[in-house]
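Going by the order they are written in, the chains are A, B, C and D; count residues from 1 in each one.
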Amino acid sequence: MAIVLGTNQYGKAENRVVRIYRETPRHEIHDINVSSALRGDFSSAHLVGDQGNVLPTDTQKHTAYAFAKEKGLVSIEDYGLALATHYVEDIEPVTGARIEIEEFAWERALVDGVEHDHTWLRKGQEVRLAAVTVEGTGADQQVWVVGGLKDLVLLKSTGSEFAGFLQDPYTTLAPTHDRVMATSLTAKWRFSSTDVDWEATYVGVKTILVKRFAEVHSKALQQTLYEMGKAVLEAFGFIAEITFSAPNKHHFVYDLSPFGLENNNEVFHADDRPYGLIQATVTRDDAPDAGPAWVGYTGLV
Amino acid sequence: MAIVLGTNQYGKAENRVVRIYRETPRHEIHDINVSSALRGDFSSAHLVGDQGNVLPTDTQKHTAYAFAKEKGLVSIEDYGLALATHYVEDIEPVTGARIEIEEFAWERALVDGVEHDHTWLRKGQEVRLAAVTVEGTGADQQVWVVGGLKDLVLLKSTGSEFAGFLQDPYTTLAPTHDRVMATSLTAKWRFSSTDVDWEATYVGVKTILVKRFAEVHSKALQQTLYEMGKAVLEAFGFIAEITFSAPNKHHFVYDLSPFGLENNNEVFHADDRPYGLIQATVTRDDAPDAGPAWVGYTGLV
Amino acid sequence: MAIVLGTNQYGKAENRVVRIYRETPRHEIHDINVSSALRGDFSSAHLVGDQGNVLPTDTQKHTAYAFAKEKGLVSIEDYGLALATHYVEDIEPVTGARIEIEEFAWERALVDGVEHDHTWLRKGQEVRLAAVTVEGTGADQQVWVVGGLKDLVLLKSTGSEFAGFLQDPYTTLAPTHDRVMATSLTAKWRFSSTDVDWEATYVGVKTILVKRFAEVHSKALQQTLYEMGKAVLEAFGFIAEITFSAPNKHHFVYDLSPFGLENNNEVFHADDRPYGLIQATVTRDDAPDAGPAWVGYTGLV
Amino acid sequence: MAIVLGTNQYGKAENRVVRIYRETPRHEIHDINVSSALRGDFSSAHLVGDQGNVLPTDTQKHTAYAFAKEKGLVSIEDYGLALATHYVEDIEPVTGARIEIEEFAWERALVDGVEHDHTWLRKGQEVRLAAVTVEGTGADQQVWVVGGLKDLVLLKSTGSEFAGFLQDPYTTLAPTHDRVMATSLTAKWRFSSTDVDWEATYVGVKTILVKRFAEVHSKALQQTLYEMGKAVLEAFGFIAEITFSAPNKHHFVYDLSPFGLENNNEVFHADDRPYGLIQATVTRDDAPDAGPAWVGYTGLV
């Protein structure tokens, strides 16, 4: 038996890059949190403290900011691809690179109803996500792109049931045929192509997720998530699979009967913890291999 | 010399009340975080542990939820007034009550471009605030209402300078005539009346704040805040004063020169800490006395 | 009627200064989060954007770090006094300065039971606080020092009651003579002198707070807080008053009766929100005027 | 091509269970955040909204609290094993269960130097972790137990270098032979046995991690982590592997030269973001298969 180095990766996490395009008076803004991780043979750094193969995380920071200028920063998927490919192709010991990105959306300030050229409000709704993994060079190069969103808080005040469930001696829950259903959605979708209109796809996926959440009469959050995922896959042939993590943000009907008041699903306590947590993937049965697409780095994406 | 009880208050903080109106198929939603604090003679609770004057915080919780049904929950200022007045008028030992509210806005889900009747997305932008203080009963009753917002993140990518400042031996900052200016705005405004269209006023204040942030060519965040506040007071005669707390969310131009790249205010590092913090009040010189209007409770409002 | 500038202050918030003393092999560490705010006549900055009186917040940042070397950083109260006095005495337009500090404690790593010379673990328990305000120069100079702590989480599993309370139609709470009482304590104490052994006093105050929380049989959190404060004032003649903000971190007895299990105060649900919140000050009846001692800046202290 | 359901799991996350043992006047306290996830054939819930196989998350909540009484809550690994085994063995559709636990440590209050029987301070240092996975029943049952900790903040003020690293055109970093090295450590170790003294092992692992962090002269965080992991594996034969996620919490030497001050590693800025992030596993070359041991649920563990 021997003690050996196992899986490892390292990089610079949470570079807060803001890119302004200002070629015309109408500026554009892109605001991201980007992390890079390098994979390869760094065993000498671990085993004997030899940094000869280690590109400093400080260098990765510089590269993240420099690429926002050199390569541009419009679609986070493209920017992530540029960074990941660079590390694998240009830095000798690197055999794989993982780029994870959060993007914060801004909307233009309105002045007398007109969009302002260079002033914005942070939208504050969901955070857009991307995770790009590149391995190998030349003909052997493989690329995985994941898009996504998190912190999209959805609620419906009717059209949701929960009944007919399994019971055991610890079960006291009453079935319900009308409840509030709410979640703070995380969704991530894996592309099977990089020849994608990233912006249109993002808008399209979000639109479908919201639409299906709204219009599916829900017998369980599981069912709603499945319908949401299925609709996304039906709409976008280049999305191989989509995965959800959906806390059931409980809204408990507040008992007002001691005070002589009826509460017909009108007044709720929005509870913090504990919460139900549903996780599910909807996939194509011929989806290409996920490889390291889901092997994360920061826990942010 | 004696040791005595000083100022004190107590209550139930952060009741997460959600109120759905569902009389028609098109539901309405109001989602708040409400805290109540009671003031009065509770010295026997402190000095000898006698709770005879202490209305339990559990009761205050029930009241917050019950009032969302009994009195309704549409405008948070009205709901806060109902709660505060109730405590002062109906609970014998209570001489003053403070109600603090955060409100989380929702927007309707769009299904094929049409607003859905009972499904929403949390907007996620700013949090709306209210703080209501009531003292006394009958002819002696006094009422103070503060409205506000927090977490409104604003940024302009040009139109901001910082130059001509005072220098001392610790000063190394170079003046600039073109910089990114950004803040996460907290603004609170004190009403001199309760005969107010709360909803229209809130929308109006936010609109003015954003407009003036956008259109004022800024020589300092101080100046911009003053212009924002002045415009609000000019527009709403029943607002006595407005106070701002505005962190200067620094966006530092990233030095790309070591890499042979120009950076003409295009690539920034959005830094976390430390940050400049500007606080200022704009007021009328004949504003009525603020009394306990600004005497807080939870630190949330 | 005119619109005018009201109260204002500005500064650099949350400078994360770490000071290592390394004159001997046994290093010392001090780790703080310090904010400075300047008060004075800055009206021209607000009204016309003239920065002539404005010492940049960037300069205040430099000063915070430089003073950690020039003046030293051992007791946060002394370091705060040095900074505040500097601004008032050396920067012409400044008539008042507020310094707020959080301190994070470290304990030495143990290697084979022996304290290590230059390795530490962050203690992680309470955060120590200080707030120093200085106004005026020369014979007119006035100084206020507040010490404190926050995030000290205390719990007792018996020896706490809540009964005999006021009831109204919204009251359903049953009285209890044995409950868990827990809080995350914030306490701040105002010194009436600066001729104080700050380190010994801090340890002494914390020790007394914990001791009295433990040994007072509690009929209410209010009573316990009063006893804690009274003991501190009795022990330290140079503490004029002490103020508490104490959330009642509810531990609800979990109802296990549906499962045929007794629960004699053995299994609890530690709830997040809402929570009772008790605030009280214990003071001397001859305490010197508090002046601006409690006029805050960042909301951190 | 068909769209199908992929991997899925569901449960109740973040049950905040507090267990007091009070058989004698000297009480004991155990304070945890526990999540349970069930795995099995829940496809009908997803595909057609049929809950017949779905044990409600509300039931899982009850079970978590009930088991704290029925089975006891002392070592989180034992408690997790009891819960996971129960779900797999007693709930028909469940083929696998994942229990994730955070534990918050408390220390006894001191009253005149003596430990109090029923009053505690939350220690506040690291959070202890456990993740238990059980699959199958009877002879086919397999069990995986992971222990761990997070938020253990370590710092050494000398004895750390970073030099001899790889350089590319984006590299500007100067090598250093004396720097502050700090991290907020997450470490998780996988047991190859369940016949373990969980409490002694936890203390032992933490002691070794701290000791090696302190005494290894570091040429890189990678090297230090490897030495820490190696020492743990050498000490505990029943630990198969240990994995680290270690942000490099940068302490930048503050440039005081513009103010005529030397800064010989005495004054630092503790920066927030970005940060280096090192992740590595140290393992035995004959470690048993990890199976689903690392397949997470909440993101908390």
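The working rule: contacts are C-beta pairs under 8 Å (C-beta built on N, C-alpha and C of every residue); 3 or more make two chains touch, one makes a residue touch a chain.
What you see is a predicted model, and the numbers here were worked out from it, not measured in a lab.
Any chain touching chain B that also touches chain C appears here: A, D. For the interfaces C-D and A-C, the C-beta contact count is higher for C-D. Distance from the chain A centre to the chain C centre is 38 Å, each centre being the mean of its Cα atoms.
If you average the CA atoms of chain A and of chain D, the two centres end up 23 Å from each other. Centre-to-centre separation of chain C and chain D, using mean CA positions: 30 Å.
Residues of chain D in contact with at least two other chains: 15-16, 62, 66, 170, 172, 258-259, 272-273. The touching residues of chain B, when paired with chain C in their complex, are 1-16, 33, 35, 37, 42, 45-59, 61-63, 66, 90-93, 162-168, 170-173, 218-220, 222-223, 225-226, 229-230, 233-234, 241, 243, 247-248, 273-286, 297-299. Residues 15-22, 27, 29, 31, 62, 65-66, 68-70, 106, 109-112, 116, 118-126, 151-159, 180, 207, 210-211, 213-215, 251, 254, 256, 258-259, 261-272 of chain A touch chain B in their complex.
Those residues of chain A that touch chain C in the shared complex are 169-170, 172, 258-259, 272-273.
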